[in-house]
Amino acid sequence: MVKVEFLGPIGKAPVEIDARTLADVAKVLKEDPEIAKWLEQSAVAVNDTMVNSLDFPLKDGDRVSLLPPVCGG
Amino acid sequence: MLKIYQGPLPVSELLSEWYGAHYNENYGAMVNFVGTIREEGGIDALSFDIYLPVLERWFDGWKAKLESKGALLMMAHSEGDVPVHTSSFACAIFSPKRRVALEMLDAFVEDFKANAPIWKYDVRGGERIYAADRSTPMRGSGLLAE
Amino acid sequence: MLKIYQGPLPVSELLSEWYGAHYNENYGAMVNFVGTIREEGGIDALSFDIYLPVLERWFDGWKAKLESKGALLMMAHSEGDVPVHTSSFACAIFSPKRRVALEMLDAFVEDFKANAPIWKYDVRGGERIYAADRSTPMRGSGLLAE
Amino acid sequence: MVKVEFLGPIGKAPVEIDARTLADVAKVLKEDPEIAKWLEQSAVAVNDTMVNSLDFPLKDGDRVSLLPPVCGG
């Protein structure tokens, strides 16, 4: 199981997902319309490292973070 | 050095502290950027969420990039509410050469706006409203929508 | 505002004074440049001559240019001897928009180096030697050699 | 007569010259080898305004300044 957390304004509690890659995570998240609408505009980190490939392998206990559009300053 | 403050930044103290810590290390140039909350659209304040673990990695990447040019980088940012006419972001770059300082300040501040994991909210009459219209998807966004 | 100091600038006080004077006037960005004397070539200090009447006109031209973009400009410079590891030049730009602040800081500092009527001397063992190798002919130089 | 002053490192005392234009000033200054060597690299102000034309008319009491290469900061 991996833990998926939703940062900033997404405002959803973390969920646990059975996933071996980010592609598996994507598949599950697309089923929740509340979350699906953020996917197009969100970046992804695994264990706090930004990730750019859906093939990124996940292992038990990994933490996946969704980062929606930012505006610091 | 990356510092997070709850609420507004003590700007004068920060600039004085940064200058005082490095003025005698033979850097020829110090540049600063300070961001202050503008009163517009009837807001009382802006409010910020920060995801520190990713912010730290982003900052460390810039710090290393500047070190490779012989330069130093430091920044401070606010978390939570920051009233209009107070400041939420400050940074300093020290460099032996002025061109490096000026070019890196511009590049750092622009990348900060685009890729630092910080979320902004308008505070209006006690309500906290995500500033979606002023926000930018981070580099690599949309991966899970493919 | 253009201020000339005899000897090194009180940098922390200047930055604090500038920020304190304008933080609540709805400018979203303040940027600073501070120039500090580097220890190199065995100098004890740099020394500066300033021709104030022309410096003031040059500065007023930049001030007006920035005002036309809604921005404020202030600077301070040293006259006479400035020991290594102390500062001789500081400026601040306040602007509603960060792009204006960043671009104008770069353009102002570069034009300052090329066209502000200030002459630099190395101070070495009590001698004051014109820094000819680091100096730039001002715009329009050579008119009387034609 | 106009007064010609030499700024910064030129280090010469001011001189009085009978001149109606900057071309007249140039002619006189070229005769002094100590000053002539600075002319190529110096800018010119009349009454503290930078000037870019040799035809610039001068009147009695005007102040002409020679500004050699600069390096502030």
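For reference, chains read A, B, C and D in written order, and residue numbers begin at 1 within each chain.
Following the convention adopted for this analysis, a residue touches a chain if its C-beta (ideal position, glycine included) is under 8 Å from a C-beta of that chain, and two chains touch if they have at least 3 such contacts.
What you see is a predicted model; the values in this text were computed from it and never measured.
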{"item": "For chain B paired with chain D, centre-to-centre distance based on mean C-alpha positions, whole Å", "value": "49"}
{"item": "Rounded Å distance between chain A and chain B, as computed from the means of their C-alpha atoms", "value": "25"}
{"item": "Centre distance in Å when chain A and chain D are each reduced to the mean of their C-alpha atoms", "value": "71"}
{"item": "Overlap residues in chain B, where contacts from two or more other chains coincide", "value": "35, 98, 109, 113"}
{"item": "Sequence positions of chain D contacting 2 or more other chains", "value": "73"}
{"item": "Pairwise touch network: line, ring, star, complete, or other", "value": "line"}
{"item": "Each pair of chains that touches, named by its two labels", "value": "A-B, B-C, C-D"}
{"item": "Sites on chain D touched by chain C in the complex", "value": "7-9, 22, 25-26, 29-30, 39-45, 48-54, 65-73"}
{"item": "Chain C-facing residues of chain B, complex", "value": "11-12, 15-16, 19-20, 23-24, 26-40, 85-87, 96, 98, 101-103, 105-106, 109, 113"}
{"item": "Interface residues, chain C side, partner chain D - complex", "value": "35, 48-49, 51, 53-54, 57, 77, 88-89, 109, 112-121, 130-132, 134-146"}
